[in-house]
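You will see two complexes here that share subunit A, one where it goes with subunit B and one where it goes with subunit C.
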Partner chain A sequence: MKERLYSSHIALLVFMIQTGVAALSLSRKAAVYFGTNGWLSILILGCAAALNIVLIAMVNRIGNGISVFEIMDKSIPRFITIPIYFFLTAYFAIIGCLVGKQYIHIFQLIAFPSASPLMLKGCFDLLVLFLVTKGIYNIGKTATVFSMLILWMFFLLFAFSNDFELERMTPFVFKGGRNMLSGAVEMFAAFAGYELILFVMPYADRSKKWMRSVQIGNLMTTLTYLSLVFVSFGFFSLEQLKIMLYPLLDMLAYIQLPFVERLENLLFSFLLFTVVVTSSMYTWSACENAQNIFPKADRKVMSLFIVFVMFLISVIPDTLFELELWLKVVSYVEVALSFLFPIFLILLLLIQKRSGVKSHA
Partner chain B sequence: MPKRGAKILRCVVLGVMVLSVTGCARSQKILERLAIDHTIGYDLDDDQKLFVTAAIINQGEGGKEVKQELITVEADSSKEAKIKLSRQTSRNIVTGQLRNTLYSTEVARKGIRRLIENLVRDPSISPRVKITVVNGSVNELLSSEFPDHPNTSQYVDHLLQKNWKNQNIPQVNVYQFTRDLLDDGIDPVAPVVRRRGDNVLVDGLGLFKDDRYVGKLSADYNMLFAMSRGKYRQGEIYIKLDYQDLDGSVMLGTVSSDKKFKVWRKRAGGFVVEMLLEVKGDIMEYTGNVPLGNSRDIPKIQQGISSYISDKMERMVAIMQEKGSDNVGLGKQIRNSISYKEWKSLNWDEVYPEVTFRCTVKTKIKSTGEIMEVPAFKP
Partner chain C sequence: MASNQEPVTLTHVLHDFDQCVDIVHRHFPLLSADIVFFDHLIDNNALERDILRPFANIQADEMHNLLMDSQFRAVTDHKKIIEGILKGDAAVFHCTSVYLVALYGPSSRAIEQSETEAVIIGPHDAFTESAFTNLSLIRRKLKSSHLKVVQLSVGEVVKCDVFVLYIDGIANMDYVNVMIERIRDIEIDIIVDSNMLVQHIDDYPNTIFPLFLTSERPDLIVSKLSGGKVAVIMDESPSVISGPTSLFEFFTSPDDYYQRWVIGTATRILRYIAFIITITFTAAYVSITTYHYEMIPENLLYTLIESRNRVPFPPVFEALLMEITIELLREAGARLPSKIGQTIGIVGGIVIGQAAVQAGLTSNILIIAVALSAIASFVIPSYVMSASIRFARFFLIVLAGLWGNFGLMVGISVIIIHLSKLTSLGSSYITPVAPLEFQDWKDLFIRGPFWMLKERPTQSRTRNKVRQKMKR
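Coming up: the complex of A and B.
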């Protein structure tokens, strides 16, 4: 295979997987769980994600870039790995479909209250299917192009300078919040997604630099979230922020241009690009896992099957409440998985190395 | 072969997408069939029930004529009103273009939290929808006909918009009202309008304590209030000089201002809040006795202006303290200067009227206009 994912692609891919619908409610969660000056929590979460990426980098370094499946298959018998792969397939597919469904639900809330969510989700899943069947290189390139359609939105933050007030932030740090720890885990879901890089390892450029670009991607996400949440803490009052379901949407709705207002419908559509990439990458990871269960299966048929099952699953949660609850549960598992899985792999690699050294001796 | 299969699959998928998208046609909206809700007004009727007036804009056939239609209904809530209102019109009522909400002082006195809450909840309503108090009956105002302005609801909206742009009144919309309502160190305000003869005029600034209207600040204070709330740009202010031997009046143009607050504790308990205000402007009109030509006398006029502004600012805050509404946001300043624990244990409603407010103004006159001084004529 000549094609490789280069480091710039990886940075943007990580950024695109991480950012998504979670950004809409991030400011509210920071206000509810951390209280005054909750925007500082984003820094802590960003650092936690960076630490986690260091763990993944260690897997990459110790294993010399071999795939996760190779590492597992080497020392674990197949009757144990198959259920693990099965779990991972189902799990990634569920995340992929929930992320998409949440986007569709919000889109419906603000723009198409009378359209059928199934039809919208169907269209969305088609986009995901097209991307997934094209393979990881094309997903990477698409993410690069799509990121250009998203990154400019950062400058919209300057639209709020008139109503932004530092005094509103108060000098208190993390006062008036509740359940900080479980809240942090829930908020961490906004950062999750970089762990999929574990499966991208064998497809990446062999140079040592590419792990650094994962960190750059995470840094981009952290800075974007930080500036976004910081601005919302100066734009809204704390108690107001706590009651807004999606503060970012309200901020977008507040932007007014001389010739047009109520821009949120248009601007929200741009988020589709990042959500499609997020959903596609989870689906792709699910396919990677499924491929290891059924090595001989046709990849395209499998992708189609997985996307179809995802579509069926997404029919079940039909209210925004239910969906948020599902996502909350999933995010707990996600955080645990993204820390424990690399540690588990590192342990496996160390054991393999040791026994390898012994056998050579 | 597989490539051909993929192509066929793509065509089928594309076809399905195109066909399914035609389903969207059901929700198409034809302008001539819509009743565009422009302004909603709330009054209380004799039984203290909510009386809702909606000013609706009907686009005539061909897109030329725009007519205002008023429909009224008695209801318990704004959404119930919408359902009842729709029975009275042949068109579909849409609220996406809502610009203004009017509250009679009676309604505002009872508290408007519930009404505002529903505006925030509805995603079709913009956070920029204005909030305005009407001195008198909203229904009467909207149903009055003004000879120069065929469309009353739009007239009121444009009036507010213009006055806000000229910084005569603060901009108050759903977002800003909710923001100040829910902030613990400040109370919201809203402009007050009323009918006078063949016109509508801005009657002053409505002061709110939480969500209840508690009184009105006369329109003379508009500039000062704007200065106390934020950076002030490009305004005009008329000042009566009454300082030492100064008399007459002065009109400052292109006024800009910047403010800072200082907070400290009184020995006997309680707080002192000092506002340091810097005002810059050009003299546009002057009728005083001190000649402007002499640059040594300019500081004297500056002091005169400063003393006028600081006296009036202190009087304005005293009015608010009397009504118990903290619309300047002294609470915010005190909150930011003490510990979280102390702020939370403070009974703000009791502390606020006892806060000593001082205003220190520094005025800078940038120029005195295009002339030096007209020489006095001998009798």
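Coming up: the complex of A and C.
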């Protein structure tokens, strides 16, 4: 009765890795970089991510589902792969750490100004460690439950139907924006995370459907972002959106119930579920890479060490501004890596196939 | 003790039961026979019918012919004779031979209504401490030769009978075999109740959540068996185990199916709301009144401040104090006779609650929150699950007191991560949410109309999936 990572797990896992705190500022970025009707940019970015997933699917198909490490170890000498794995370990750990720290900073900004961010981050990291040590199957199951606790928030968009005005959209497309290309790369970070599926390949249910479920996960993210940004473009004016730090939070603050106010405070707390999954999956991927450097190391000790290092790294960026600068730099690397790494793997696989055919001949 | 090779004598057996005043030894000098038994384990009518009356009506030379009758089982093994007497047989000693006669029939509790799983409509009979009565209650409802019963025994010092039940052709044999294997692997002196047994066959013994459903209701166990699950009856225990199970099964009750589906669905949804209230309501009070006053609307804020301004403790202490008080009242009420229990409830609820507010130890609103959480916890049909959830609530209150909404969400995350790890007989404990099986939702989150409930639960992994073929 061995557990498997089913297609539904993978779709929701991808959705949960992708969505996160980046959604809060996506409307502002779309307004600043793309200008009028900037919400259309989400469609373009979603398609780019879908294209990238096709590359990952090719790796899976050509490699017949074998792991990334197996592909690399077959063709590249170990003294070269070890620094690559080391870089990937550090890189994934940094992203996992920054994502968590960003959430903690924003939480402090809206609800907890007096609490120590390190204490909150420590608690967050313990939660990540708790999840990572449970293994990929349980991360998948947890992500599925967490997604149920997040998806209902989609219906909150109907709360804005009275104040939504189509006139705010204007007939102009992408006018009044600036640095569209670098902005697109920065915005693409909100979609990133699906590339971690490369490391999940050996654990997935070996049905043909599972790569389709990665696309479904990305489609869910795209549609969620699209509806969020579209509603905020119809709810706020373009100029308002450009100066708001987190337009989604301001929108949520607008919802009032008879027995509770400042609902954004509570709803933002729910985002913890998605941020934990994102951070855990990056940490898990870091562990997978580290395991290939030290194959005999105890997995739990290694996870503890990586999470501890992540905690130490998170001490460095002191302010939210500084943190977002770090994230901006990391997102450039992430975009490059998510496209180049699968291409690199496809090339390796093709070379391996060719040499395999030759040796058979 | 006599060895198994030596002929078993009456002296040996009586020696083993030395200083057992409850053993009965009767000598029949005319027949040169002796019988040994425990008076309280046997049915006196059966003793009269099977032994005393035949013995009274024969001569010494007819004794051999009588002992050829089917009720007399010749036994040579000393250990088996001792076991037989302990299980309610009478041992008949004649010359050098020993025979056992099954006379088991101790006085036992009559079939009554379950106190812990009461239902308003539907069958009211509940299991008793007798395994055979329980088997009979199940067989009466499940008249099928496909219902198979495997007998096992647990306990190294004291053997206790355990019966594994399943429906052949519906239950997945992997589950049946795992269950049998786990019961066989138990090495312990004695197990006295199935709620103790269940902790020895759990996948994760350290979790606070029950990983098998235990029930006193035959109708519930029959429905589980027909759904492809495995049931375990333990002698001397009124609770019957069923597995594999999922967390959501604990929120279902047999009477959901005895009502119209809309009412059944509404009741089931009410239980899930009760679950959310139980686990989060007091913690949310602590979180909001400690860190997030801005979330309270202005009109309500004045009332809350007025209610809290005399309370000298931080909300987390105030809440823990009241929650512990409620738990004390509940425990005291459960242990005392029902009439005194009710008095304790009134004294606790009204006097202590009111006095605590007047003394300025707690606020009115907290009393409402704590009382609501407590009432909601009793809406959950399973007492074991209700106790687990109440325990988890304390964890959330402490975290909410430490870090407000953030702490509350961290606590909920920890519980969900923990639940995701759990398995029951190797299958996911949070089925049908993960793995996502939408077809099971209509029988767990709602109580769909019968025409919708066509298939058995996915968790059963049965090959015989179709439960009914009706169109309406």
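Heads up, the rule we're going with is that the second predicted complex is superposed on the first by the 360 of 361 C-alpha atoms of A that agree within 3 Å, B and C clash if a C-alpha of one lies under 4 Å from a C-alpha of the other, contacts with A are read in each partner's own complex, and residues count from 1 in each chain.
By our rule, a contact is a pair of C-beta atoms (placed from the backbone, for glycine too) under 8 Å apart; a residue touches a chain by one contact, two chains touch by 3 or more.
On a predicted model such as this, the values are computed, not experimentally measured, just so you know.
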Contacts of A:39 with subunit B and subunit C, given as first, second, both or neither: neither
First, second, both or neither for A:341, with subunit B first and subunit C second: neither
Touching partner for A:112 - first (subunit B), second (subunit C), both, neither: both
First, second, both or neither for A:85, with subunit B first and subunit C second: neither
Partner chain(s) touched by A:240 [first = subunit B, second = subunit C, both, neither]: first
Partner chain(s) touched by A:260 [first = subunit B, second = subunit C, both, neither]: second
Which of subunit B and subunit C A:284 touches, first, second, both or neither: neither
Touched partner set for A:123, first subunit B, second subunit C, both or neither: both
Touched partner set for A:163, first subunit B, second subunit C, both or neither: first
Subunit A positions touched by subunit B in one structure and by subunit C in the second: 112, 115, 123, 256, 261-262
Contact footprint of subunit A on subunit C as seen in their complex: 174, 291-292, 294-297, 300, 403-410, 413-414, 416-417, 419-421, 425-428, 430, 433-436
Subunit A residues touching subunit B - in the complex, by the definition given at the top: 36, 109-110, 112, 114-116, 119, 122-123, 126, 163, 165, 167-168, 170-172, 175-176, 236-240, 243, 249-250, 253-254, 256, 261-262, 300
Interfacial residue positions of subunit B with respect to subunit A in the complex: 6, 13, 17, 20, 23-24, 26-27, 96, 123, 126-128, 175-176, 178-180, 182-184, 230, 329, 332-333, 335-336, 340
Residue ranges of subunit A in contact with subunit C within the complex: 1, 3, 6, 8-9, 12, 107, 111-112, 115, 120, 123-124, 127, 130-131, 134, 138, 140-142, 144-146, 148, 256, 258-263, 265-266, 269-270, 272-273, 276
